[in-house]
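Sharing a structure with you now.
Chains: A, B and C, in written order; residue numbering restarts at 1 for each.
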Amino acid sequence: MAEVEARNLSIRYGEFTALEKLDLTVPHGQFLVLLGPSGCGKSTLLNSIAGLQPITSGQIWIGGKNVTWAEPKDRGIAMVFQSYALYPKMTVRQNLSFGLKVAGVKAAEIAQRVQRAAETLQLHTMLDRRPAELSGGQRQRVAIGRVLVREAEVYLYDEPLSNLDAQLRVELRREIKRLHRHLGSTSIYVTHDQVEALTLADMIAVMNKGRIEQLGSPEEIYERPATRYVAAFIGSPAMNFIDGDIAIEAGKPVFKWGQASIPLDRYGFAAGATPGKATLGVRPEHIAHGEHAGGQDFLVETTIDLLEPMGSDTLVWCRTKEGQQIGLRVPTELRPREGDAMPLGISVSSASLFDTASGLRL
Amino acid sequence: MKNLSAKIALAPTALVALVVFVGCIAWTVGLSFTGSRSIPEFSFVGFEQYVALFGSPRWLVSLRNMAILGIGFVGGCLVLGYLLAIFIDQKVRAESTLRTIFLYPYALSYIVTGFAWQWFLNPQLGLQKFMQDLGWTDFTFRLLIDRNLAIYTIVAAAIWHGAGLVMALVLAGLRGIDEDIWKAINIEGIPKWRAYLSIILPMLGPSFATCILLLAFGVIRNYDLVVAMTGGGPGSATEVPAKFVMDYLFERQNVGLASAGATILILTVVAVAAPIWYARHWQTRRAASASKG
Amino acid sequence: MSEQVLPLAASTAHHDGPRPATFSWERAGIYAFLLVASLFFLLPIYTMVSTSLKTMAEVRATNVLMPPLAPTIEAWGAAWNQACTGLDCDGVQVGFLNSLKIVVPVVVLSILVGALNGYVLSFWRFRGANLVFTVLMFGAFIPLQMVLYPLVRLWSSLGLYGSLPGLIAVHVIFGLPVVTLMYRNFYAGLPIEIFKAARVDGAGFWRIFWSIFVPMSAPITIVVVIWQTTGAWNDYILGLTFGGRENAPMTVQLNNIIASQTGERQFNVEMAATMLTAMVPLLVYMVSGRWFVRGITAGAVKG
């Protein structure tokens, strides 16, 4: 059993605080993705779990043991890096076996483990080549192989696919997922690519400026973002945000936006509605148009401002009379044209409401 | 004419390169096949000068000393320089002071180095006297005047002079190594000494090749250090080929013999440089073809 | 779960924050090694300086490692203007001035020629340019002894042998390969678009060189100045062969002073003279710091 836990973890680089009193628990066998923009502290968190990064205060627990002061090699972890970090002058076989050899594992055992890893990752044909003679995807496969032979309890990945081209990334992504299913060990995976996060994760931790903004399943993160920040970070094209006020009209909460007032009775408030400044967030894929526009909670008249064709879908950027921009996805075969009128229907049940000041979900 | 200005600008260099680096070498090689004494003569004597050269005990001693220097000095500098670089790379305090201390001898001339060490090891008043003053009265440290050991004092002085160069070049190489490699090493629990030996050392190949080239040419050219430290003595125990050539050119007036010696020197240069160049060339080709395939 | 594991787990449970620093033999070993190595590198210069600050009586009475009890700069004065080379007793100042007269023109000329060569070789590719470069690089590797004698003959017939201009010329020539390489690599590292844009604007060969590349060359020129100053100052063999009596640089004079001592050797004066000879390159080294290392790296011919 290898549950991974960070307790009240803070890390400072001199004056700069990279992580602030962070708590995180990854249950055994879970695939956790740390997602966030560059510089938010993902690598710092991963490295501190690995023991590669001195921590300022707090504790790291792995498998029920406090490993805060333990050496990386004694933590039962293995790690894959963005730059592969293969030993360049060793063959693939040596790369896989060197760590085991140093650790004093018997030759027969090493050969067996290398064999197994090579089988899992289809490395047979390249065992006697050097990293320089491999393609990027093959190199990362080898790096994963080097991690496999360690038979660790916890696997750590720091943006392993970032240096690969789009197609290879998709391929290896699937392979990593399959591997995780097969091994059943705990994995923590750092990325700033939301597609990777959504496809791989059992749990996603969205990070921002050294804090975890939200920890939840991919569905939760997507459908019920806990903060405006998370809402904006997940989803492409990004969620539409409309600033307005919440008011109580005839005992019912409404969202006041210019002249319009949108009834909120179908919105699932976390804790009752209170009047005040609020932001309504609507995902482009949840906006109804054409004949469906009328049947929603609210209808807004817009004209098409700009089109971005993307193959099967077209991104349509509309503008209201007041100048609010709203984006949505439309099947390309509907042939929208710039300048056309475009009535849009918004349903509050699939929308999100945030307190404008705090950014928290209402 | 196209690029006329460019051609004119390069012309003096081209002329100098041709006359000095090609013409003069050809001239020297030519002289080695003549019986020239104090002035050039054009009497062809075939390989006689080479036969005389390799019959000369002094030349043979010189060659032996060059070999000792080559192994002792190059090896010593590489080992000491790599160790210094490794130890400095352990996030130590006062790093820049240490680097300054290890590299400053390289800024000094061989003449200065030679005199410094000659005095340091002076048989009457140097290190020996220090040890005797400490109460170790029968300590003798007659390195500089012992025929068999004097060459090793030159090796020591030369290492003192050159180890900092290796330290500087290798440290630059160490600093260029990807942080992630060290993280991987750490996680696999590979001991540091093992990592420096089996993983990092091979990665520093190009740095070491550069060091070996520079140091080896230092050995072949070595003249001033010997002049300052021992003058070739005691007897001819510390003679080196470069000094042999100089002596026969300007003091002993045997230009033919000296030219033969010089020709052997340049063959040595080629023998040292060719394999390293070849290895590099081969490696770049290999890497290039791999990234294509 | 065995019972033995429990106390262990319990004992680590309070671990929090950074691991406390404890005495480590590894760290101690690292510093011990660095200390011993520093002593090895510092002892020779320490003995030189301390000897030069003693009187001969003290030199004889104590030993090389003893610090001077009553430091005096007498020996330095004597070395500067009284030490004898044969019959001339004017000290190393003569050599110092000679070295200055050699080094300054050598550095200036090397920069001019080297920068121009580097510029041509980086941007004005024409047939034969590569051949010139290859021959030059070959020149970086040949031992001086290989060309010394023919060059002496050539210089005599040109009336340059034994003259200051002749000596300066050989210095520039033998410095040319490395200096050219430094400038070439520097220019080759600049974006070629700079050159193309200037060509498109209609600037010619010299115009591009003077107005665009010369002003950009400060970093590599500093490196070249350091490299050539120390190189030319530390030279012995060229000064000995081409300088004649008149132009003997400091290294040659130092050797003459020490080699021509008769009677009892004045070790304190010898060491003061040696220190004086080492002074310029040492100063350059101390002042230039990392630039010196960059010079070595740039000069380390990357074939």
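Just so it is clear, a contact is a pair of C-beta atoms (placed from the backbone, for glycine too) under 8 Å apart; a residue touches a chain by one contact, two chains touch by 3 or more.
Just so it is clear, the model here is predicted, and its values are computed rather than measured.
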Chains sharing the largest count of C-beta contacts are B-C
Among all chains, whose Cα centre is located farthest from the one for subunit B? A
Approximate Å spacing (C-alpha centroids) for the pair subunit B, subunit C: 15
CA centroids of subunit A and subunit B: separation to the nearest Å works out as 57
Can you list the residues on subunit A that touch subunit C in the complex? 54-59, 64-70
Which residues of subunit C touch subunit A in their complex? 9, 12-19
Over in the complex, which subunit B residues touch subunit C? Could you list them? 2-3, 5-7, 9-10, 12-14, 16-25, 27-28, 31, 40, 80, 83-84, 87-88, 90, 92, 96, 98, 100-113, 115-117, 119-120, 122, 125-127, 129-130, 132-133, 160, 164-165, 168-169, 172, 210-211, 213-214, 217, 220-221, 223-224, 227-228, 231, 242, 245-246, 249-250, 255, 258-259, 261-263, 265-266, 269, 273, 277, 280
How about subunit C: which of its residues touch subunit B in the complex? 30-31, 33-34, 37-38, 40-45, 47-48, 51, 59-60, 62-66, 113, 116-117, 119-121, 124, 126, 128-129, 132, 135-136, 138-139, 141-151, 153-154, 173, 176, 180, 204-206, 230, 233-237, 241, 251, 254-255, 258-259, 267, 270-271, 274, 277-278, 281-282, 284-286, 289, 292-293, 296-297, 300-303
Using the touch definition up top, name the residues of subunit A that touch subunit B in the complex. 47, 50-52, 71-74, 77-79, 81-85, 87-90, 98-99, 102-103, 132-133, 146, 150
